[in-house]
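Shown below is the structure under consideration.
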Amino acid sequence: MKSSLNEGSAPEQVPADFQPAEKDGPEKKDGKLSLFRLLLKDRFATVSALILILIGLTALVGPALMGDLATKQNLLFANKAPFNPAYGWEYFLGSDSLGRSMLARLVVASRTTLSVALPAVAVALLIGSLWGVWAGYHRGWRENVSMRIADVIMSFPSLLLAVVVLYVFSPSAANIVLILALTRIPIYLRTARAESAELQSRTFVDAARTFGAKPNAIIVRHVIPVVLPTLLTLATLEFCYVMLAESSLSFLGIGIQPPDVSWGLMVSQGRQYLQTAWWLSIFPGVAIVVATIAANVLAAWLRIATDPAQRWRLALPRKRLIVRIPAKEAQP
Amino acid sequence: MPELLTIEGLTKTFHVAKSASGNTRLKALDGISLTVGRGETLGLVGESGCGKSTLARTLMMLETPDEGTVSFEGTNPFGLRGKELLTWRRRVQMVFQDPFASLNARMNAGDIIAEPWATHRSLYPTSRERDARVRELLHMVGLRPSDARKSPQEFSGGQRQRIGIARALALNPDVIILDEPVSALDLSVQAQVLNLLNELQQELGVSYIFISHDLTVVRHVADRVAVMYLGRIIETGATEEVFDHPRHPYTAALMSASPKLDVSGTTRDRIVLKGELPSPLDPPSGCRFRTRCWKAQDICAEVAPEPQVLAAPDGTRHLAECHFPLDSIKGLTGAIASAQ
Amino acid sequence: NTEATGTASNTVRVVLGQEPPTLEACESNLTSTGVVMRSNVTEPLIERNPQSGELEPKLATEWKATTDTEWTLKLREGVTFQDGTPFNAEAAAFTIERAVNSKLGCNVEGYVFGDADLVVKAVDATTLTVTTPEPDPILPLRLSFLEVVPTSTSATEKVREPIGTGPYKIEKWDAGQKITLTSWDGYWGDKPAYATAEYQWRSESSVRAAMITSGEADVAMGLSPDDNIGDLGLDYPNNETVALRLDANEAPLNDIRVRQAINFAIDKEGIVNSLYQGKHQVAAQLVPDGIVGHNAGLAGWPFDLEKAKSLVAEAKADGVDTSKQISMVVRSAQFPKITELGQVLQEQLSQAGLNVKLKMLETSQHLTYQVRPFPEDEGAVALMTQHGNQAGDAAFTVDQYMLSTGAQSYYGTPEFDAMIKKADAASGDERKKAFEDIFAYQNDKVVQFAHISHQTGIIGKAKSVNYTPNSSSGDELRVSEMTPAS
Amino acid sequence: MLIYLRKRIVSSALPLVVVIVGVFALARMTGNPASLYLPLNATQQMRDDFTARNGLDQPLLVQMADYFGGVLRLDFGQSLRTGQDAAAMALRAFPATLQLAATTMVLAVILALVVGCWAALKPNGIADRISSFVSMAAASIPDFWLAIVGIWIFAITLGWLPTSGVSGASAWVLPIATLLLRPFGVLVQIVRGSMVSALSEPYIKLARSRGAGELRVITHHALRNAAAPALTVAGDLAVGLVNGAVVVETIFGWPGIGKLMIDSILQRDFAVLQAAVLLTAVAIFALNILIDMGYALLDARVRPVTVKA
Amino acid sequence: MKTAAEQAPSRGTHAASAAASQAKAHDVVLQVRDLAVDIRTHRGTVRAVNSVAFEARAGETLALLGESGCGKSMTAKALAGIMDPVCDLADGQIMLNGTDLAALSPKERLKFAGPELGIVFQDALTALNPVYTVGTQLGEAFRIHRGLNAKQARAEAIDLMKRVGIPEPESRVNSYPHQFSGGMRQRILIAMAVALNPRLLIADEPTTALDVTVQAQIMQLLRKLREEGQMAVILITHDLAVVAEEADSVAVMYAGNVVESGPVSEVFADPRHPYTKGLLESVPVHLERGAQLKSIPGSPPELHDIPAGCVYQSRCPLVQDICRAERPVLRPVGVPAGNQQGSNGESTAHGTPVPAAPEAALSVGVPRPARAAACHFSEEINNA
């Protein structure tokens, strides 16, 4: 921040022949850095980011580290309670009904879970928002038709879709992704359309039109960046929804199928052991909750941090005690 | 002056939700005819909602007119396509009324100013050139080069408007439509911007259509003035003529309502119009001003006045749409007296 | 809680796994219909004692084969239907005509009688003759599946709430919520202890168990060993046997050594003990003890991983592509812990060096694999089947599962088919022996199945009710056998 | 308003047809239900009979034409499973779901408004942190799991509530509590967000300058403005409830349309499925119209026809 | 600063006589001293308003003049006690009829908002709640402070609308803000502010968004209301012409500081601060068309960038070393500079502020406020 301080004091003295190359580098970096610093300022957001990174890393490298621990059964060692150091670190979180390491299964499941939830959210986000933005920008019949299509998808029983896809194709994570993405498109579509319809009447969009910019260019330059934070926030809510939907499908027997394993499936399968081995469903459940809370906290933070109008909120010094020191004692 | 832009009978109707009388057609522009010469500044004044911005937007092809023709150096921009349209777009630019809404809050000032070049790539092909030009433009409109990195929220209204002007200038246009470019600005900045516009005109020979409700400013910048009321031009003429010898009662009222920087302490007489601007959805019959006019007679309700060419003392062309134009000899004071 | 509701002691509340789709008598071989209807609302002519396996008189008092193909039945007198009409030979004949010979498409027709049409004749009010196109030594057993309905029952359409001669009549069916049966005063036999029986349904077994614990239900069907019901759970052998059916037409399963290896590789003891808490029995054949034809001399294949590995290796050495994928097709939620079982089997077969892919499917899909025509181009399939022989005669099992053209059989050999045909026609001890040989032969020479276990069902039962489940309780829950505990 | 309503209803008709056509076609992609309804050893003859009897051997378009012909005569076909009239089955199951969903939604909205306002009072304050934490957790717990835990705790361990069923008011508690959690969690965050932004609007300052206290500012000035976005989201959530109470209905033995739908999907009971989908689709369209009207009621600016005084 | 014990009685008596008593013309209604407002930003805490002092008199209009961002609205909000949560009242006294508003708790202050002090906002478009009818919003003040029921409040609202010249108030009272034109909305805002006949009306750029004919109407209305209620009006504007026509006295602000104050006619005729002078010269009046306007170069300093000495130093044509070293305080002008220096005991270290008017002003009731300017060279300006 020092740099702008110095410049500010003598604005008129700046000569007309500037040296752009010199300035740009460090300043750009400064922008990135400040987002990071902003993050560090918010303890909750920092912790959330760390958790998400941890989960991401786990999903990425965890399964390889676990080897065959997640599938190695030992029927004589089934349903062993967690936190018993005697069983060794593999069984720190206990063992499941087939004597597999809960820890290893959680790690392996994280990959399936993320590889269902992330693509499902991403695909729906991508299609839904592009479509919605397009429909909202052009208004007219494109908007009407799109909204009706959204209505159709919304009132369509997603379970039927799930069964159809599972029947016609075979049950696989990719198909679950397909179903979840398809059924969640309208959510983004509607939001994106509403925002974009509002934005397309804004003056800065008009301004872009006066330069002769093409609709798609305007959408990319002006509409999407404004709509994106809202959609991203929505996407984190949806991330949570999709994980839950996946576990509900597992519950109904039409979701991820063993021997694949996801957190949702683990909760679903563990529910019958609730009274005999609580850890089978609690640990994956906690994993879902923690992941969604972290995603939500970070999204809430990011939304503010990327909104120039709100960004200041994050950086405020805490309200200090107001001690008003009168400059001069008033005479009684 | 050779004419650069000619507008003939421009009409624009909006379809809106029903009004009290069940009308859904809002005639925002009703047969507007104007000319703008090369290097000339045309001032456009009028009450809020009379259609000034609509005219500007129509000229910028943001709205399609229902009727009427526009001719820019003999070509009709509404017929252009592709490359030619782009060229035309480059040559005619606009500064928007609302400095808060016309800048995308998520871009920084530098990107906003450089935005037109994304479409007109050939203008400043390298990023180095663009950067330099951005700094130059910022400097031209009185901002700091470091401001290029700031987002619009960090600017005051006046500074935002300057960014808007810099953006319009980015394409080196021949005509700039300025929709209230200084009404959001501070005095000191206003002076800078007016000086800037003046210099640009002198250097580049740009024409301006200068929309403003600040008559002091219009008087200072405009060569000719057009006064609008409810979608029609009711008076045009050379600036001094219109200001000092208004012929239409509305113009007179407008002139007298404008506060003057006069510290003599004596309160001036002025015409304070009764009532509000009638709804453009249900404009009065005949002469549109008759509901607020102190000179109105029966005929005003029946017959819409035609533009009349009136004798101007200095010989310039002076047009007014009134059945009972004011006396030109007595000027504004005479008009005020007649209203009281 | 039980005491809180006034009528409780007079009512027995049963919670089922699912709502009966219909109470139509001729569909009552469907578990969910039969469990409510059979021997409660409607009764058969002849009934099979689940304990002894003997046939016992019900609405028919005697029966005998008068010729090779003709059977004569003597009917019980003084029985009336719940609508007041008398039960007689006409009604019995009507029942058989309706269920077996009509176009109604009754489930029982396909299940018990196949294509054969019967000739039925009411000789007099209490005498009935039934003629089969071919000699049928087990016709009385087949007849035990027919629930008798009065002639007033529609012959052209199925009836949701039929009338029977049983101790209870259907009082009310709140679709989606519950079915209430009340005891019928005109019943020919002993009056049951409970005046009313209420049926509800919950698809989660843990909820059914919870309803017993919390006192909301007196009897809960189909619980899982992990429902933690404690001493309120009653185990009973439910006649169901779990096995893998191996498609011997496809490599690598087309080599008998691979099929044998599969049998050796499965640790049945381990599965029974740890997954099912020792409640199931290791199976060596498709029918449990108590079914005519069960071969008591057969022992389950020993768990011998080394043997399995070496068999696979041998097959491989002979040019069998043992690395080819075997799809293990499993129906989700078919019985408790089926997913666990599937995973265990997959793991154990993999240990033996086979490439097994677990496919969990929903019912309808699973059925396409289970019955003919089998899906094409699926490669080698190992289908997990749960077979329950409700009839008590091995013929019902063998015809379906072992004939080379059996509806649920992949494969057979001509000699084996001949053995089966012969057994089907035999009767008495000869029949028993013939089927015992068949089971031994399948394990020896055919090896289409890898048997896993004979299952044990768990019924939850409140302390306030006295009831002892038996092997048919899952299909036929007799309320009249329940009495309030003092 | 009436004209608007008519227009909306007319414009919903086509999507409804599309929904049904889609369900019809998709359902038939899930295979012939013959093996589900026929004995395992049924002969090919029996299968063919079954297929012909149910018209499944016809080309899809013919089947569809037949179906729509029936629908026009208000004949929605018969259930394969129970032999009953499909429409009657759907209509019988629907009120149960509707009651459940409506009660849940009303409670969720009220609770979310209260908690959301409380959180918005001091953005980033302790109340805000707690409530957002709780609401996020609430929105991310699998409902079936919660239902089973609820039964375990409240029905078995404490014995306060029945495990399941529909008898008496106490039976509503657990299903509603289970369903409530997600809408509540989501709504709290929406209400909080829109409340915070409403509270920073200039008209709030103006209200303060008139001497309005904090409570008044919240309840009189910000709430209504904040309610509008919450309403839209509540609408989407309600759609989810109408369509997706399957899990809760399955566990609690609640005889609703969600359970009916999943059963008929798994049992390939096409007529019932179609009737149920049609019914829920109609309900969802009606709900959307209601939401829009509620929106107009809350905010005069979006009323389709401005009423000029 | 008074102690709490002393304030209590004065507040009590005041509240009792609030509505009834009519202030006499030219009585000092509001006296602001040393007002300072801090804003907490991510660049640190900045001072947006610094030692502002002025007074407003009954029946007169005080204009707060200054460029955008110089702290006019902030001052107004500080007076009305409706600052953003990030802003703190750092210092100062706001004596409204003898009560120091700055020392009250937010709750106590609510009692003054409305009956004693009304405020009209800069932006009429957003200052009205879009989801309520104007009648509801107009009537609210009566419901809060007078405990009227909905019906009575509505009647009062209609009354008010009549007062501010809205035609057909009986039917329009049920309209929503978006159904009114900008001018009408501004009238409604004004009506809201004067609903309870406050002693002090703060009008923050009430006509900036309106055009001249409407502006004339609004100004006429404000004048009428001021005279009817003997209100003190603080008119915030950046329009010199409006100040010239409407105000009695003026305080010119720059970068959070009052740089010059005094009667309008005197200040405009004979500015004693280079900034005021610069402003006056940048008005395009009496100039040839197209002639170069005299503009003030540069732009005001950013808040976190305000230099140590004189706030105007970077743009001042007269700037000297002393301006960079030392912040000039607001001191009376028109009298020899030396006299003032002695009597006020001016501190030079941090530019500790000195009240605009001498102590005498409050007690004796000098009819016109004295002129003051914050410039080291206020005497030389017009000779330069």
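As written, the chain order gives the labels A, B, C, D and E, with residue 1 at the start of each chain.
Everything below uses one rule, namely that contacts are C-beta pairs under 8 Å (C-beta built on N, C-alpha and C of every residue); 3 or more make two chains touch, one makes a residue touch a chain.
All figures in this text were calculated on a predicted structure; none of them were measured in a lab.
**Q** Report the chain whose CA-based centre is farthest from the CA-based centre of subunit B.
**A** C
**Q** Looking at C-alpha means, what's the farthest chain from subunit E?
**A** If we average the C-alpha coordinates per chain, C ends up farthest from subunit E.
**Q** Taking contacts as defined above, which has more of them, A-C or D-E?
**A** By the number of C-beta pairs in contact, the winner is D-E.
**Q** Report, in whole Å, the distance between the mean C-alpha point of subunit B and the mean C-alpha point of subunit D.
**A** Taking the mean C-alpha position of each chain, the two centres sit 53 Å apart.
**Q** Measuring from the mean C-alpha position of subunit B to the mean C-alpha position of subunit C, what distance in angstrom results?
**A** Each chain reduced to its C-alpha mean, subunit B and subunit C end up 90 Å apart.
**Q** Taking each chain's centre as the mean position of its Cα atoms, how many Å separate subunit B from subunit E?
**A** 32
**Q** Taking the mean of the CA coordinates per chain, how far is subunit A from subunit D in Å?
**A** 24
**Q** Multi-chain contacts only, two chains or more: what residues does subunit B have there?
**A** none
**Q** So which stretches of subunit C touch two or more other chains?
**A** Residue numbers touching two or more other chains: 206, 362, 364-365.
**Q** Spell out, as numbers or ranges, the residues of subunit E touching 2 or more other chains.
**A** Only 297-299 qualify.
**Q** Once bound in the complex, which stretches of subunit E touch subunit D?
**A** Residues 77, 80-82, 84, 107, 110-115, 117-119, 121, 123, 126-133, 140-141, 144-145, 168, 171-172, 174-176, 178-179, 189, 192-193, 195.
**Q** Residue numbers of subunit A touching subunit D in their complex, please.
**A** For this pair, the touching residues of subunit A are 44, 144, 148-149, 151-152, 154-161, 163-164, 167-168, 187, 190, 237, 240-241, 243-244, 247-248, 251-252, 264, 267-268, 271, 274-275, 281, 285, 288-289, 291-293, 296-297, 300, 313.
**Q** Quick one: which bits of subunit A touch subunit C in the complex? Just the residue numbers, please.
**A** Within the complex, subunit A contacts subunit C at residues 71, 73, 75-76, 78, 97-99, 163, 166-167, 170-171, 253-254, 257-259, 269, 271-276.
**Q** If you look only at subunit A, which of its residues touch subunit B in the complex?
**A** Touch residues, subunit A against subunit B: 3-4, 7-8, 11, 14, 16, 18, 20-21, 24, 27, 31, 202-204, 206-214, 217, 221-222, 225-226, 306-309.
**Q** Can you tell me which positions in subunit B touch subunit E when the two form their complex?
**A** It is residues 47-49, 142-143, 156-159, 185-192, 194-195, 198, 202, 213-217, 219-223, 239, 253-254, 257-265, 267-268, 270, 272-273, 275-277 of subunit B that touch subunit E.
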